[in-house]
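What follows is a single structure, written as structure tokens, with notes after it.
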Amino acid sequence: MYTAKGAKTWFIPDGYIPEKSSGELTSHESVCVLNTSGAAARLRFTIYFEDRDPLAGIEVAVPGRRTMHIRTSSLGRDGMSIPVGVPYAIEVESDIPVIVQYSRLDATQSENALMSVMAYPLH
Amino acid sequence: MYTAKGAKTWFIPDGYIPEKSSGELTSHESVCVLNTSGAAARLRFTIYFEDRDPLAGIEVAVPGRRTMHIRTSSLGRDGMSIPVGVPYAIEVESDIPVIVQYSRLDATQSENALMSVMAYPLH
Amino acid sequence: MYTAKGAKTWFIPDGYIPEKSSGELTSHESVCVLNTSGAAARLRFTIYFEDRDPLAGIEVAVPGRRTMHIRTSSLGRDGMSIPVGVPYAIEVESDIPVIVQYSRLDATQSENALMSVMAYPLH
Amino acid sequence: MYTAKGAKTWFIPDGYIPEKSSGELTSHESVCVLNTSGAAARLRFTIYFEDRDPLAGIEVAVPGRRTMHIRTSSLGRDGMSIPVGVPYAIEVESDIPVIVQYSRLDATQSENALMSVMAYPLH
């Protein structure tokens, strides 16, 4: 038996998909999820904006004993996705505990810049 | 009903607004706030310095179900703002729980550098 | 007597060894461990992937009153190691409390990019 | 009355002073301390290494209602300081609660790289 570890709700206030890329790498963000349990974790993402209602109900499944590094550009529902160049925030809810980290590669300039934070867990 | 999540007090010891920018992007810091509740959050910022008394009582409102990515250069009161090129620290107090992340883009050189931390919550 | 401080289990969801290096520095990741106790800490690493079963049972000892900055490229067992260019995640279990931080230097471009997070502790 | 907030003991496992600098900025690390109380905080630093005994008993005072961004290259005792180009770790103990963040600017290449973490608090 493998135990589910971590927390069920995580927050990332600073979401931003850079508009431009240059050089060898492409600007992107990843929401990196680790599911230590033996069963799949069912995630629901809510995307918050500065000037409009949240985009809720985006579902992603992470298999048991696996990690998944989810590109934020892949998140969407009913043809709606996260626009580039717009400040936003992320809430991740899971049916079982998981661990969530957020990283951004900014390749606006030809030399890339990196940032990463552990998401903030709700206890 | 949407619940307010996070904490009411957050700290960022390493504040610094770079003096210079070059290349395509402008050096800046953002205090990124997520308010998951249905009502506005009223924030009060206190700015601490190395060599003078704090600048207290800067107020910002973050609407319910919204994020706000606040440029530190926009923070001020009575004509006082945060000087560039000076080490400082930030305390954020909110009347309801919110989540706070801090990010800095340093574009002193033409290629930018990024850093980000989840602010430290008071429990 | 020196006390063991920190936690016994730590997680890093965003592991990635860049495939390329250029310029003066080499792309690498470090799992930085601090053992404040007077006795050695016995660590066991489990490496999680997106598309295959975990690589478990990698053992590393950190002497008492010492830090060790462990290159992830050095982690392996029975001839298996962490492949480059593949998203993965790390679980570190220790027999006594330690403190764990993760950092990555990406030198894909000639100018390097840095990111660092405190690993997420299980309490 | 101003309350002391945060924790009395903090850890930073990944310390490293880059050997080189080029371009406009100098490679350095900062241990950024915020003291929200009305009285001075008396800090004691212990520096841990990979291959030798710790360097303990380095004292720094942070005045009340102030932040101090301490360069690690300034830390020392009895003529001993932290060598450049060597992996190390930091323990900060304070007589009253403070908040501690760690940041590194790496200017080995002419374009700088930044990383920052909130130090890990002992509760």
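All chains are identified by letter, namely A, B, C and D, in their written order; residue positions are counted from 1 within each chain.
To be clear about the criterion, a contact is a pair of C-beta atoms (placed from the backbone, for glycine too) under 8 Å apart; a residue touches a chain by one contact, two chains touch by 3 or more.
Nothing here was measured: the structure is a model prediction, and the numbers come from that model.
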item: Superposition of chain C upon chain D: rotation angle, C-alpha, nearest 5 degrees; value: 90
item: Chain C against chain A, contact positions shared by both copies (same if over half, else different); value: different
item: Inter-chain centre distance, chain B versus chain D - centres from mean C-alpha coordinates, in Å; value: 22
item: Gap in Å, rounded to a whole number, between the CA centres of chain C and chain B; value: 31
item: Of all residues in chain A, the ones touching two or more other chains; value: 110-111, 113-118
item: Partner chain D, residues of chain C touching it in the complex; value: 5-6, 23-25, 30, 32-34, 36, 65-69, 99-101, 103, 105, 110-118, 121
item: Partner chain C, residues of chain D touching it in the complex; value: 9, 11-16, 20, 48-51, 53-54, 87-89, 91, 104, 106, 108-111, 113-120, 122
